[in-house]
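As written, the chain order gives the labels A, B, C, D, E and F, with residue 1 at the start of each chain.
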Amino acid sequence: MLEYLLSFLILAGALFTFVGSLGLARLRDFYTRLHGPTKASTLGVGCLLIASALFFSTRSEGISLHEVLVTLFLFITAPISAHLLAKAALHLGLTSLAPPPEDKPRR
Amino acid sequence: MRHRLLPHPLLTLVLVGIWLLLNNTFAPGHVVLGLILGWAIPMFTVRFWPERVSINRPLLLLRFIAVVLWDIVVANLAVAWLIVGRPQSLRPAFLAVPLVLKSDLAIGLLANTICLTPGTVSAQLSEDRRFLLVHALDAADGDAVIAEIKRRYEQPLKEVFESC
Amino acid sequence: MNLFFAVLTPFLGAVLVAWASRFGRSHAAWAAGGVALTALAWLSPLLSQPFAGTTVVQRLEWMPSVGLDLVFRLDGLGLLFAGLILGIGLLVILYARYYLSERDSMGRLYAYLLLFMGSMLGVVLSENLIQLLIFWELTSLSSFLLIAYWREREMARMGARMALAITGAGGLALLGGILLLGEITGSYELSVILASGDLIRGHSLYLPTLILVLLGAFTKSAQFPFHFWLPHAMAAPTPVSAYLHSATMVKAGVFLLARLFPALSGTPEWSWLVGGAGLCTLLLGAVVALFKHDLKGLLAYSTISHLGLITLLFGIATPMAVVAGVFHIINHAIFKASLFMAAGIIDHETGTRDMRRMQGLWQFMPFTATLAMVAAASMAGVPLFNGFLSKEMLFVEASEMASQQSFGWLLPVTVTVAGIFAVAYSLRFIHDVFFGGKPLELPRTPHEPPRWMKVPVEVLVLLCLVVGLFPAQTVAPLLAVAAASTLQTALPEYNLAIWHGFNPALWMSVTALVGGVLLYLVRRPFSLLHDRFEGQLDARRLYNALLQGLMVIARRITALLDVGSLQRMVFVFIGFALLLGWMGWSGDRSVLTGSRPLLPVDAMSLLVTAVLTVISVAVVILHRQRFTALVLVGFVGLVVSLIFVKFSAPDLALTQLLVEVVTVVLLLLALYFLPQHSPVESHPLRRSRDGLLALLVGGGVGALAWAVLTRPHSSIGDFFLANSVSGGGGSNVVNVILVDFRGFDTLGEITVLALAGLAVYALLEKLHISGPSQNADGRDWNWDLHPVIMASFTRLLLPLALLVSVFILLRGHNLPGGGFIAGLVTAVALIMQYLANGVAWTHSRLSANMHPVVGVGLLIATLTGLGSFVFGYPFLTSTFGHMKWPLVGDFELASAMAFDLGVYLVVVGATLLILIHLGLMHGKEPVRGKGGH
Amino acid sequence: MNHLVIAPLLLPLLVGIVLILTQRMDIRLHRLLSVVAVLAQIGLALLLTRVVSGGDILVYNLGNWSGPFGIVLVADGLAVWMLLITALLALFALLYACQGGDVNGRHFHALFQLQLLGLNGAFLTGDLFNLFVFFEVLLLASYGLILHGGGRARVRAGLHYVVLNLAGSALFLIAVGTLYGVFGTLNMADLALKVAATPEQDLGLAKAAGLLLFAVFALKAALLPLYLWLPAAYAHTSAPVAALFAIMTKVGVYSIIRVYSLIFGADAGPAANLIEPWLLPLAMMTLLVGMLGALAATGLRQQAAYLVVASVGSLLTAFGLNNPEGIAAALYYLPHSTFAAAALFLLTDVMANRRGEVGDRFEPAPAIAHAPLLGGLFFVAVLLTIGLPPLSGFIGKFLLLRASMEHVAVVWVMAIVLSGGLMGMIAMARSGSLLFFRTLPLGGAARPVAPAVVPVLVPVVGLLMLGIAMTLFAGPIHLYVSAIAEQLLRPDLYIYAVLGEHL
Amino acid sequence: MLTVALSIAFVLVGAAVVLSAWRLLRGPSAPDRILALDTLYINAIALLVLLGIHLGSALYFEAALLIAMMGFVGTVALCKYLLRGDIIE
Amino acid sequence: MEALLAFVIGLLTACGVYLALRGRTFPVVLGLTFISYAVNLFLFSMGRLSIGQPPVISVSANAYADPVPQALVLTAIVIGFAMTAFVIVLALKARADLGNDHVDGQN
């Protein structure tokens, strides 16, 4: 049972990781591509870490929870990256599929 | 006095927790060590983080976190489907979300939350801090998305961090 | 040790004189004279011994292990030369006192002169040949100083350099010859070498030895074809010429011939080389001397000729010829010194040395003229004067040789012709100067020189007469001991008399006298001929051409090699290494692939390798777009750290990861001030060349890695694995190696880091450059200095990062981690504060003065090491123990942890020191220009 | 354990740390501390000399881990000889720097002390990787020092020096790595044992690694064709640094002597005498190229720098003869050339400071103040540098030639060494006559203001006196270095001292 | 079962690496490349976690932790460079 | 696997050498960075390759990778970092003093 669960989590995590990169490769403008990795860093890595926690908790004595920290740090840092990337793209005036924002929000 | 000896009690707790997680143990030795560090590190970093954080409604915060996690899962599936399925039919949009939040931390948390949930990325905070520019991957109805953001995320954050 | 002190005295005296000259010109002269007399006094107790047939040898140990001691030798030959050096030296000192003008530094001349005197004494009193060579080269050096005495004159400097180059080169050759002599005989000492003549002559190295020694002698004695430096040395003040070119410097060469005569002579090679050079020189000097218009030029060529005469005598190499040679050494020294002095007086009094401008000086200075006439007569070989005696002996030897060889008649003919020219130029010296009309527009009105300036000339001229008239009563004993010690055998029978009856030599003398007068009378057409070709016959042209050639070659080669191009240096280095590596590998039957079982390849690794290949090649192709290249390099760094993970090196992976982050930050800091693009500069050919080298080197290093990777392995690593827990108290063996087994490496390494911090700080101290105000595309920078969202979250991250640092620091001994990684985590977290919140904000919270952190870190690490001294253990000996703490439980404490703390501090301090000051560098000046430059 | 062995490392390290910690203190205190430390360093070196002069080899097991596992320091004759030379040189370079050169930039004294740490460490260590570490210590300190004071030419030359040495360090790691990969050890004594027993299939690797290492050392030693970094670097750095750097090339030379007598020496079995075919020809060509450069130089600093190149050539020619006399000659020549080059660099600076705009360039200028004194010193320095009698340079040359007499290449050695000497003489006669003889009238221009002459000449005179002392005491010194040479030719002694208990 | 899942997961993550690397190479804009690098860091975390499970060793956890905590600094610095040129001001 | 790593080492070396031979400071620094990656991997590989055997003593492990090269590489990485930092700053200094970023200070 545990093995099925583990396998599922691992596959799900890998799949989300893959989809994130797929988005990165496939989507047609920078801003939409920016959404891809968010998957990978949240659900993708999240599932894998849960799998890891389960795996190590059941394998040796004592539970393993430190995997949570990876997610925690990612939750703090990944949005900063994404935000700054978007900001940089806006600053450089990269073309977007969406109608570009008016200047209003800036000043 | 309390401020000087224990500048960020909440941070102290968080640090102790993280310490125990890091060491993957709840042994008493590590609890003691964690407490020492949880006390000492904020003493050092207080200069970097002077403003006090007060959480007015802890339970609401937990609920908020749960909501966000749930949203992450759901949105992930949705977005994954978008990416795999029909990337040509995406309707991306830039949305200017008007803000009621004032504090750096709250705005930061909101922006973070928006980034974490797939499908939206907070792109820019206006200079006057009254609008948060958000890029949405697929927003047929931009105003609906804005309303959703304000309801699901901004409102609870406002209550937790800025209610008084 | 009298001989030693006799030689030493002039050297010390030089210093004394330089000092004494501060008190006046006469003080300097008195001091110099006193020094020469002192040297003579040191010798005086020993003077009788050579006459008694004993050779005085005195030894001071210097380097006995290589046969180089200070050994002095006084025998007849040495005594003769020492006498000449000191005697004529004294006269020259007296003469120079009146010769030099007020403008010239007396002290300097005397100091140089004494240096020279000491060097000459050293040459003639040396028993050890290496020691002789040392003094020999010193004569070259001190004569360089003397010739260049009037240093503002181009001719003086040139003449000095030429003399030094030629005689110095000869000295080097002589060194080679002496080394060979030492090799043949096993000693550098004369007593051994002089006794080993047969051994030397029979040795296969004889000819090279002979040639090298002769090169030394010929250059010094201005033998053809090395004679040309001597006339140019006439740029020296006349007292110097009188000293150097009569009795001393040039005589050193013939002294050497005499000195080594028993060891080297007696072979056809010797006769041909020495005799041939002597004969050529004799004739050449005599001919050229006649046509020189410069008084000193005439004397110079005459000197060359007479040196040739002496050399010729040694070349003839019969005992009688040697006696004649030694005798002529004496005679020439006496008359030539007096002639130089007379020439100096004329120059001094008239202001010119050009014989075409002066005539009839007799009426102004009859006394000087008389003295000069006597000396010139001696030079010409007129009977009753000393020069006649030795020249007559040459004629005898030459005529005797005539009957012994097929073309033997050439020898007497040639020496007679030389004799004719000698008479002619002597006559010219007298007639053109003192007679034949009135002087033309002399710079000064001449008169007799000061009283004491004439005294040295008078003494020498008197000697010419006395020796010429009564040789047997005066010079005979000295000549006998000198010749005997030269030959090292019994002397031949000879008779020092003016009259030997009507023999061929007498007829040769008569021919020379008559012919000389006639030649003088018909000289004009020859003189014009000479003037026309003047300078073209001078070997100086050859010398200059050689020197110029050397300079051109030197400049060309240096310019060819040293172009200051870093690219070339790197290319050469890498290419050279490649060559060496290849040479090391090839040659033996080396097997590339070893026998170790290999790990199977997995798909993931293959994939990552493929991606890495593409990206790396992309970096090379895209490297001109610097920012892009930088981002791509970030990926390469990530893959490298993944490789470490894959192959069981977690510590390395962590370190690599963090270093990568810091490096990217550093490169970005730098890129801001640099152009955003590299121009296309190098030619495609060059790029292909570089590419080829890169591929070869890459292939080489890859092959090297492959060769080792596939070989079986056993190493000291097993010891560490076995002893890490028991001996080092930690289970992370890598960390235990770093802080314990090989902690000393780590101490060095953090010193490097600290040094980088210091050096960067020093470099940046005065550096202020402005970055562009727009990016490369001409876009203004973003208005948002510190995006709020980033700022607030990085503050939150700081305590977490510090906590993780502590975690990593503490566990490093047992699990991946340690001081480096912890330090880098802290440093990166703090750098993040700068990135997110800016310099001003961060500085108000964190001191920019990181020196104490670096210093304290190093100190802690060092003191931890020193702590083991207390317990009597070597530096860095570690200790550890487990202790039970209440509540906490078991807790391990290891001294290595303190060491690691030091490491941590240095890493934090140095990294921040570098980054902060790099960040601070900019910002004061207004910005200008675009990013692209 | 005799802690005396590690004292020459701890002293500069601790002093360096104190200097870092007190970086804001008065420069005079730093000077005092620095000078006292160097004096103490000389004392330590002399003490060590006394201890090892009987032929003993002191071994110090760091961390109490003995070889081949831990890092060992080995104080044998050669190492202590290098320590002594370094300490003496450092004193005079430092004294000169204390005349004001040290305040042209930051951290001079700290960098200086740590440079000494690097040098001493390189000489003492018995571990190949640790040698790499100390190379890096001394290199990074030298980077700081070579750029001390800044300026266009200096920065340019410094950049070349740094980049080239970074490439050198990379190669060092590759070579050391290969040796470890093949033999599984880093301890030099242990490597010597293992290399001597190299199995046939590994011989190519061992030789390749050994020769790559040679390339690294040749770069540091400035051996042809890798000397090109040196002339500009030495010519453009500050005088005291150039003086101190006289020992930097000798680190390369030392490493060559150490590694190729101990690990790849005559006893190394199939890899014996590894660099013999390379060293002598390259060294002789270096000598020639250095002398040609000295002839072609346009300034005295550049000339002095090229003479350093030439001296490396002479030095390695002597070592390349690969016989006891040659090694002894090299060991005698080594300090001599170091002191002479340093004296020349310092004196050049003193003179250049007095020649105004023209500086050290070979152009006529008004006569310099104190010309007789400076000229006399220059004369002595030149005698020393180009090996003219009667000073130590000549003795070194004599020893070298004497050692070559039995060698197959004797003709080449004689020809090149002697003609090199001639070129040096011609070059220095030209520069000396230009600098001191060919003077312009002072004209309206004021004499350039330069610091008082006596204090700046103290270090110069000191260095020249060392040269003279080396001449006067050539006998005992030669006996001493001959003993070192004998020791070097007996690697078994070194190996036994280090690994005794494991053999 | 678990082995099969792991193998498939490796393939998927490997494919993710390839796709991200393609974006890194392709650009076209600077932010695209930075984004691709950031994604590659995330992919690396995934790889490390998988490797940890595959080898049954917790020793790879720290690497993942450090990438999560520190990997973004590079991204931030690169973005800051695009925005401001001067990253520490 | 050994061949793969040897290839990677060769590849990185080749790229590094080519870049180090360029005429501007920035590519030279990049080249040196590449070379230092290559050298670190080379040095590391001298302990031979092993998977899943980190040199951390534990009861469950049956073999360990050679820890010595790892320790050496760690030292080399840190030293390389120090050197890189210095050379970067020096490149800036050269840019400021020489007026351009050519390694020989010429345009």
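In this text, a residue touches a chain if its C-beta (ideal position, glycine included) is under 8 Å from a C-beta of that chain, and two chains touch if they have at least 3 such contacts.
Since this is a predicted model, take the numbers as computed values, not measurements.
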Worksheet item: What chains touch chain B and also chain E?
Response: A, C
Worksheet item: If you tally the C-beta contacts, which comes out ahead, C-E or B-C?
Response: C-E
Worksheet item: When the mean CA coordinate of each chain is compared with the mean CA coordinate of the whole protein, which chain is closest?
Response: D
Worksheet item: If every chain is reduced to the average of its C-alpha atoms, which one ends up farthest from chain B?
Response: C
Worksheet item: What is the distance, in whole Å, between the centres of chain B and chain F, each centre taken as the mean of its C-alpha atoms?
Response: 39
Worksheet entry | Averaged-CA centre spacing for the pair chain E and chain D, given as whole angstrom | 48
Fill in: Whole-Å gap between the CA centroids of chain A and chain E
10
Worksheet item: chain D to chain F: how many Å between their CA centres?
Response: 29
Response to the item:
In chain E, the residues touching two or more other chains are 10, 13, 17, 30, 34, 58-59, 65, 69, 71, 76, 80, 82-83
Response to the item:
Where chain F touches two or more other chains at once, the residues are 20, 25, 28, 38, 42, 45-48, 51-52, 54, 56, 68-69, 72, 75, 79, 82-83, 86, 90-91, 93, 103-104
Item to complete: Enumerate the residues of chain A that touch no fewer than two other chains.
Response: 22, 34, 36, 64, 66, 69, 73, 76-80, 83-84, 87, 89, 91-92, 106
Worksheet entry | Which chain pairs touch, all of them | A-B, A-C, A-E, B-C, C-D, C-E, C-F, D-F, E-F
Worksheet entry | In the complex with chain A, residue positions of chain B that touch it | 18, 21-25, 72-73, 76, 79-80, 83-84, 87-88, 90, 92-94, 96, 111-124, 126-128, 131-133, 135-137
Fill in: Complex contact set, residues of chain F against chain C
1-30, 33-34, 37-38, 40-42, 44-58, 64-75, 77-86, 88-93, 95-96, 100-101, 103-104
Discussion item. Using the touch definition from the top, list the residues of chain E that touch chain A in their complex.
Written reply: 1-2, 4-6, 8-10, 12-13, 15-17, 19-20, 22-23, 29-32, 34-36, 38-39, 42-43, 45-46, 49-50, 52-53, 56, 58, 61, 64-65, 68-69, 71-72, 75-76, 79-80, 82-83
Worksheet item: Given the complex with chain F, which residues does chain D contribute to the contact?
Response: 129, 133, 136, 140, 143, 147, 150-152, 155-156, 158-160, 162-163, 166-167, 169-170, 173-174, 176-178, 180-181, 186
Practice prompt. Report the residues of chain D in contact with chain C in the complex, numbered from low to high.
Written response: 1, 3, 6, 10, 13-14, 16-18, 20-21, 23, 60-65, 68-71, 105-107, 110-111, 114, 117-118, 121, 129-130, 133-134, 136-137, 140-141, 143-144, 147-148, 150, 156, 159-160, 163-164, 167-168, 171, 174, 178, 180-182, 184-187, 190, 200-205, 207-212, 214-215, 218-219, 225-226, 228-229, 231-232, 270, 274, 278, 289, 292-293, 295-297, 372, 383, 388-390, 394-395, 398-399, 401-402, 405, 414, 418-419, 421-423, 425-426, 429-430, 433, 436-439, 474-475, 478-479, 482
